[in-house]
Amino acid sequence: MVAVTHTPIDVERIFREIATPRSGGIDVFVGTVRNHSHGKRVRQLEYSAYVPMAEKLMAEIEQEIKRKWVIESVALVHRVGMLQIGDVAVVTAVSAHHRDAAFEACRYAIDRVKGVVPIWKKEYFEEGMAWVVGQHEVDVQT
Amino acid sequence: MVAVTHTPIDVERIFREIATPRSGGIDVFVGTVRNHSHGKRVRQLEYSAYVPMAEKLMAEIEQEIKRKWVIESVALVHRVGMLQIGDVAVVTAVSAHHRDAAFEACRYAIDRVKGVVPIWKKEYFEEGMAWVVGQHEVDVQT
Amino acid sequence: MISVNVKFFGPLREIVGEERKLELPDACTGDVAFEKLASSYHGLHKWKPSVRLAVNLEYVQFSHELHAGDEVSFIPPVSGG
Amino acid sequence: MISVNVKFFGPLREIVGEERKLELPDACTGDVAFEKLASSYHGLHKWKPSVRLAVNLEYVQFSHELHAGDEVSFIPPVSGG
């Protein structure tokens, strides 16, 4: 199950969707909006995506994971739009028979989502804003 | 936050409790009741605990984790009583600034909880039941 | 003589029951306490290699010396999670 | 001549806008398409070392040959999560 969504992410619902009667362990990674970035106070964050490509790549990551590990189910969900401090930006979750596989695959999932999926983050500070470009910030003149 | 509880575990509430404005990543491991064990169909599971010792050891595991990793918050919750297939038996969750720490500490948490906390599982099959003793089953004469 | 409270959990509870008060000589170890119980409850003996001793909610060695009023438990291999 | 649709996201959208239709010679590569855009939009050039080319929702090399009707995008370093 993969999705790019404008609406708040319901962590409990995702966990319920990937839990199966055969899976004993589920690892869920939740990325939330932090109140700071590189020493500056963040007021809010805006995520935008190339939605059809993002969902296609997320579906590919799901398939990669199913090839690499013996697991039951995968969920990759990323929110877009304007987010406030503490809001859930991304969830990756893997259910598996063995917890080794659940942890490893969930870790792989978030690393891949952050590394390749075409989604961008714009930080709004007390003064000004900045695009986050990979690991770097680029100030925006406004 | 550690607890041994008789009531159903609310995963979303645990995640909300340990999310802080400073934490960007939260890893949550959820252990659910599987419908099978060593090839046999499980109908339900009963967990019992030496509650005060279990909560004391869980609090010690929380402190160990805070010494070993730079993290924000830890939650360790185990349910006791009669559980049905799919019910949440255990949740370990760690919020951290960096996801590396969240994943490693959460993995450590579930391994330690399973390894040392005085909680026991009794499996109810179509016919008969068995205590799970460490990794082994011991049939119970009834 | 001292008196300690011994609690049983999991599979051991089905053999011994929930709790037993035990009268022991002074400076007695956990090992001696276990042997005394095993002489009354036959099913207990086979558990000796696998149980751990807990005194006042802490794991300790079988050679640990018990004191009056201690809360003692013999902990069978745990299977939480 | 072929016509392709180029979409822009993130920081590049603020330089170029959402979408541009581009007329290109036959058998033209992604690299040529980028250079053509960069000649119209000055801010674009500095992004060349870091952007990746996507054609029809897939990452490809800059040497990839474009075809009529392709959906093209130059993807700045992603920062999801």
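We just call them A, B, C and D in the order they show up, numbering each chain from 1.
In this section, a contact is a pair of C-beta atoms (placed from the backbone, for glycine too) under 8 Å apart; a residue touches a chain by one contact, two chains touch by 3 or more.
Keep in mind the model is a prediction, meaning the values are calculated, not measured.
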**OP:** Would you mind naming the chains that touch chain B and likewise touch chain D?
**Re:** A
**OP:** Can you check how far apart chain C and chain D are, centre to centre, with Cα atoms defining each centre and the answer in Å?
**Re:** 73
**OP:** Using mean C-alpha positions as chain centres, tell me how far chain A is from chain C in Å, no decimals.
**Re:** 49
Subject >> Centroid spacing, where centroids are CA-atom means, of chain A and chain D in whole angstrom >> reply: 25
**OP:** Mark out which residues of chain B touch at least two other chains, giving numbers and ranges.
**Re:** 31, 110
**OP:** Can you identify all of the chain pairs that touch?
**Re:** A-B, A-D, B-C
Subject >> For the chain A and chain B complex, residues of the former touching the latter >> reply: 10-12, 15, 19, 21-36, 85-86, 97, 99, 102-103, 106-107, 110
Subject >> Interface residues, chain C side, partner chain B - complex >> reply: 7, 9-11, 13-14, 50, 54, 57-59, 73, 75-81
Subject >> Residue ranges of chain A touching chain D (in the complex, touch as defined) >> reply: 31, 47-50, 52-54, 56, 78, 89-90, 110, 113-122, 131-136, 138, 140
